[in-house]
Amino acid sequence: MTRVTAERAAELFAQSKRWGRWGDADERGALNLLTPERVTRAIRLVRRGEVVSCGRELPVRPAVDNPTPAQHHMLIAGDVLGSAGALQSSADFVGVAFHGMVVSHIDALCHVFVDGEMYNGYPASDVTSVGATRNSIAAAFDGIVGRGVLLDIPRLRGVEWLEPGEAIAPDELDAASAAQDVDVEPGDILLVSTGRDARRAAQGRWDPVRVGLAGLDPECIAWLAEHDPSVLGSDGVSDPLPANAHAWPAPIHQCLLVGMGVHLLDNLQLGRVAAACAAEERWEFLFVVAPLQIGGGTGSPVNPVAVL
Amino acid sequence: MTRVTAERAAELFAQSKRWGRWGDADERGALNLLTPERVTRAIRLVRRGEVVSCGRELPVRPAVDNPTPAQHHMLIAGDVLGSAGALQSSADFVGVAFHGMVVSHIDALCHVFVDGEMYNGYPASDVTSVGATRNSIAAAFDGIVGRGVLLDIPRLRGVEWLEPGEAIAPDELDAASAAQDVDVEPGDILLVSTGRDARRAAQGRWDPVRVGLAGLDPECIAWLAEHDPSVLGSDGVSDPLPANAHAWPAPIHQCLLVGMGVHLLDNLQLGRVAAACAAEERWEFLFVVAPLQIGGGTGSPVNPVAVL
Amino acid sequence: MTRVTAERAAELFAQSKRWGRWGDADERGALNLLTPERVTRAIRLVRRGEVVSCGRELPVRPAVDNPTPAQHHMLIAGDVLGSAGALQSSADFVGVAFHGMVVSHIDALCHVFVDGEMYNGYPASDVTSVGATRNSIAAAFDGIVGRGVLLDIPRLRGVEWLEPGEAIAPDELDAASAAQDVDVEPGDILLVSTGRDARRAAQGRWDPVRVGLAGLDPECIAWLAEHDPSVLGSDGVSDPLPANAHAWPAPIHQCLLVGMGVHLLDNLQLGRVAAACAAEERWEFLFVVAPLQIGGGTGSPVNPVAVL
Amino acid sequence: MTRVTAERAAELFAQSKRWGRWGDADERGALNLLTPERVTRAIRLVRRGEVVSCGRELPVRPAVDNPTPAQHHMLIAGDVLGSAGALQSSADFVGVAFHGMVVSHIDALCHVFVDGEMYNGYPASDVTSVGATRNSIAAAFDGIVGRGVLLDIPRLRGVEWLEPGEAIAPDELDAASAAQDVDVEPGDILLVSTGRDARRAAQGRWDPVRVGLAGLDPECIAWLAEHDPSVLGSDGVSDPLPANAHAWPAPIHQCLLVGMGVHLLDNLQLGRVAAACAAEERWEFLFVVAPLQIGGGTGSPVNPVAVL
C-alpha cells in the first residue's frame, strides 16, 4: 500500500522540519506554544461547565482490535475480607503497553525516529533499553492545557463515519474549519474526528492494522506546519492505515513527532465531544491532558478531558 | 498505636454517614457536587495561566518507601533499530499497583469497606476477584474538574514540614482557612499539605507504614462533613500513620470513602502548588483530575493538575 | 513465501490427524505415550550423572530478536535494607508473554487451531478470554519425563549451523539417526538441533520473523506421524520461518499440536547438550520438562533439563 | 512471638555458618554437593516410573492466603479468531512475585541477608535495584537433580496435619527417619511435610502470615548442618510462622540461605508424593527442580518433580 511516494514523504519531512526553533537543547517542541496567555484564553472558552472525556476505556480483553490487552487484576477483592482489625479494602493492578491502535495515549517526541534521529536531532540511541534520556514524556509531566479545536470530518462529508483507510485531504481541513466557523490557530490542540467509535458501535470491531483506519492524507503535513498546533489528536492514529510499504510508513507520525516536535494523541474517543460541540454549534473548548509521570517513558495512557 | 478509640471512630462514622443523599442507586457520591455551575466558577479562578502538576513521578525502583515498585519496561529501544522500511520507533509498558503510600492515585468509592459494606450500602462482595461492579472508578471516567483549595499546614505552623505521625486538628483547618483568607465551600476539592515532599528532599526516604505520615486527626471528620468537599487530597494519605490498631485503622478513609462518598487523592506532590499559591497569596485554583478508564477499577494512578 | 502449497498442507493434516486415539475426552495427546515403562527405560539411559539445561536465559532487554521482552523487576533490593527487626531480604517479579520466537517454552495443545478446532475436536471457543477450558497446559502439570533423542542436523551436514529459512528434509532425519546410531522410537522426546545458538554467538542477533529460522520441512510431518514422538522440540520453532503466506503458515505447529496432539518445545538452547552428546557419541538421555502450573494456560516458559 | 531468643539464633547462625567451604568465590553453596556420583545414585532410586509434581497451581485469584496474586492474562483467545491466512492461535502472559507464603518457589542464596551480608560474605548491596550480581538463581540454571527424601511429620505424629504455628523438634526428624527407615545423607534434597495441603483441603484457606504455618524449630539448624542437605524444602516455608519479633524472624531462612548456602523450596505441594511414598513404604526418589533462567533473579517459581 502506498499513499505517498517515499520521495514525496522525504520532501514533506524536509519542508516541515524545524529543529532548533525553540533552541538546540529543547525537548518540549510545540508544547512551547502553550504559553500562559494561550492557557488563559483557552480557559475563557468555557461556557457551560460541561466536562467530557475524550478517552476510551482501557481494553483488557483480547479481541481482533486488541492484540496487546491491558492488564487489570484484582489484588484484594471485597468478597474475601480479612480478619477484624485490619482495614477492609479492595485493590488492583493496572498495566498497559499503550502504543498501538487501541489505547487512548499520548506519544512522546522520542516515540519515532527518522534515519536514526528524533526531534531536534537527538540520536535514537538516547532511547536506551532502560528508558529515554531525551524527548521523554517528562516534557509533559506538568500537564497539557490549551484550546481544543475539533474538526468533524464525518459531519463535513454528511456521513456517520469515514471508512477504514480513507484519507482526509488538506482542503477538507479548510472546509471543515469554514463549515464549523472555527479557525485553527497556532498553539491549538487540534483534534480530527473520523467517526471511528460510531463505526465500531454500528458495525463491530475490526483489525486496524490490516483493515485500516481513516486518517490524514500525508499532503496535510504542510497544512499542519502552517497552522502550527501544539498537539494533534485523532480517534484513529492520525496516519491512515494500512501503512505505506516503504521507509515512510506513517508520515504524519514521522513528520509531526520528529520533524515538527508535535506530540500526538492516538485512539481518542471523540463521539461524545463531537455531539456536545454540534449541540452548541461551537467546536472550541478547554482541553486538558495529564500524562502519567513515567520517567524515561515514550508516552502515556491518558484520559483527555474537554470542558465546554 | 491508637489516635482515636474504636468507639469514637464508630460514632464519627455514624454521624458523617449520608447514604441515600443522592439516591439509593448513586455511585458517584460527592462528585455530584461538581455541578456545571461549580465548574464554571472554578474556571473563573484562573488568573495567570500557570499549570502545575500535583503528581509524583511513578516510582519504579525498590526503596524503603516503595515496597511495590511500578513497572516500566522498554519494549522497543532506539539503540536497536529494525530494518529499513518499517517505522523506526520506541515503545514501553507501564504498570502499577497504585494503592499504598507511594503512588499519586485516586481511591474509588469501592476501595474501602466498613463492616462488609461500601458507600451507599452496597455489599463488599460487589467487588469481585475480577473487578468492582459497584462504586468503581467509572464514576470519575469523565474527569474531575472543580475549585481546588489548598490548606498549607506547615505554613500555618511556621515549619517546613510536619513530622511523620503528626495529626492536624480541626481547629487548624479553620486557622489555615483564616490565615490564607480562603473558605472551604461545598463541592471544593480540598487539598491538605503536610510538607511531605519537603521533608523527603531534606532528610531522605522513610518507611511510611512503620515510621508514619502526617495526616488529619480523626476529629476532623465532623469538620469535613460540615464543609462538604467533593474530593479530599493530601501529600500523605489523609489518615495519619501508623494506623490505629483496631477496627478503625484509617478513619478518614473509612468515613470519607464509605460514609460520605468522598473520593480521596493520596500521595500528591503539593510542594510546587503550595509555592505557587504562596507567591500569589491565593490558595484557590482550577483543579483537574483525569483517572484512567479502568473498568471495574478501585481507583487509578493520576497526575492531577492545578491551573492558577 | 510458500514452502508447501495450502492443498498439500491440508493433505498432510488429514493424513496425520488422529483424534480419538486416546479417547474422545482426552486432552493429553501424545503425553499418553510416556508410560511408567518408558519413564523407567529413560531413567536407565543415565550414565555419567551430567545435568545440562536446554533452556535459554529469559530475555528481558528489547532487541531485534526480542519484540516482547520478559519482565523482571526487583521489588526489594539489597542496597536498600529495612529497619532492624525485620528480615533483611531481596525479592523480585518475573513475567513473560512466552509464545513467540525467543523464550524457551512449551506449547499446550490449545495453542493452535485449525479451522476453529483444536486437538481432539474441541472448538477454539473453549479457549476463552479468561483461559483455556480444554487442552490447557494442565495436561503437563505433573511434569514430562522421558527419553530425549537429539538429531543434530548441523553435525550431519558438516556445518556449524543451518541458515535462517533452511528446511530439513525427512531423509535428513533418517540420515541423522543413522549417522548417530540412534533410533527415534514411539514416545521419545525428539529434539532437532539447527545450530541457532551457535549462529547467534558467531554472527549476532537477527529478526526470526522476517529473516527466518531453520526448521523442519512440512514433508517431515508424515515421518513424525510414523515415528510417534511424545514431544517435539527445537532450538527454533520446528516450523521454518518466514511462515507460509496462506492458511497453513506453520504446518508443523498445525499438524503436530492440532492433528497429532504433540506438545512442542520452542526456542530451546541445544548447543550444550549437543556438545555433551558428541563427546560421548551417544544422543539419547533422560529428559525432564516441568511447566509452571498455569491454570487455563496455553503453555509455559520452561527450563528443560537433560541428564546424561 | 518468639520461638527462639535473638541470642540463641545468633549462636545457631555462628555455629552453622560455613563460608569458604567451597572457595571464596563460590555462589552455588550446597548445590556443590550434587556431584555426578550423587546424581547417578539418585537416578537408580527410580522403581516404578511414576512422576509426581510437588508444585502448587499458580494462584491467580486474590484470597486471604494470596495477597499478591499471580498474573495470568489471555493475549489471544480462541473465541476471537483473526482472518483467514494467519495462524489461528491462543496465547497468554504469566507473571508472579513468587516470594511469600503462596507460590511454589525456590529461594536463591541472595534472597536473605544477615547483618547486610549474604552467603559467602558478599555484601547485600550486590543485590541492586536491577538485579543480583552475586548469589542469584543463576547458580541453579542447569537444573537441580538429586535424591529426594521426604520426612512425613504428620505421619510420624499420627495426625493429618500440623496446626499453623507448630514447630518440629530435631528429635522428630530423627524419629521420622527411623520410622520411615530412611537416612538423610549429605547432598540429599530434604523435604519436610507438615500436611499443609491436607489442612487446606479440609478446613479452607487461612492467612499464613498472621495465623501461621507449621515449620522446623530453630533448634533443627544444628541437625541440618550435621545432615548436610543440598536443598531443603517444605509445604510451608521451613520456618514456622508467625515470625519471631526480633532480628532473627526466620532463623531457618537466615541460617540455611546465608550461613550454610542451602537453597530453599517454599510452599510445595507434598500431599501427593507423601501418599505415593506411603503406598510403597519408601521415602526416597529422584527429584528434579528446573528454575526459570531469570538473570539476576532472587529465585524462581518452580514445579518440582519427583520420580518414584
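In order of appearance the chains are A, B, C and D, and numbering begins at 1 in each one.
The working rule: a residue touches a chain if its C-beta (ideal position, glycine included) is under 8 Å from a C-beta of that chain, and two chains touch if they have at least 3 such contacts.
Quick caveat: nothing in here was measured; it's all calculated off a predicted structure.
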{"item": "Higher-contact pair (C-beta pairs counted), A-D versus A-C", "value": "A-D"}
{"item": "Residue-number overlap at the subunit A/subunit B interface, same or different (half cut)", "value": "same"}
{"item": "Most distant chain from subunit C, judged by the mean position of its C-alpha atoms", "value": "B"}
{"item": "Mean-CA-position distance for subunit C and subunit A (Å)", "value": "41"}
{"item": "Centre-to-centre distance between subunit B and subunit A (centres being mean Cα positions), rounded to whole Å", "value": "28"}
{"item": "Whole-Å separation of chain centres (CA-atom averages), subunit A against subunit D", "value": "49"}
{"item": "Subunit A residues counted as touching two or more neighbouring chains", "value": "60-62, 71, 74-75, 77, 80, 93, 129"}
{"item": "Subunit C-facing residues of subunit B, complex", "value": "60-64, 67-69, 71, 73-77, 80, 82-83, 93, 130, 207, 210"}
{"item": "Complex interface listing, subunit B residues touching subunit D", "value": "61-62, 129"}
{"item": "For the subunit C and subunit D complex, residues of the former touching the latter", "value": "34-40, 43, 46-53, 55-58, 60, 71-72, 74-75, 77-81, 84-99, 104, 110-116, 118, 123-132, 141-145, 243, 245-247, 249-250, 253-254, 286, 288-305, 307"}
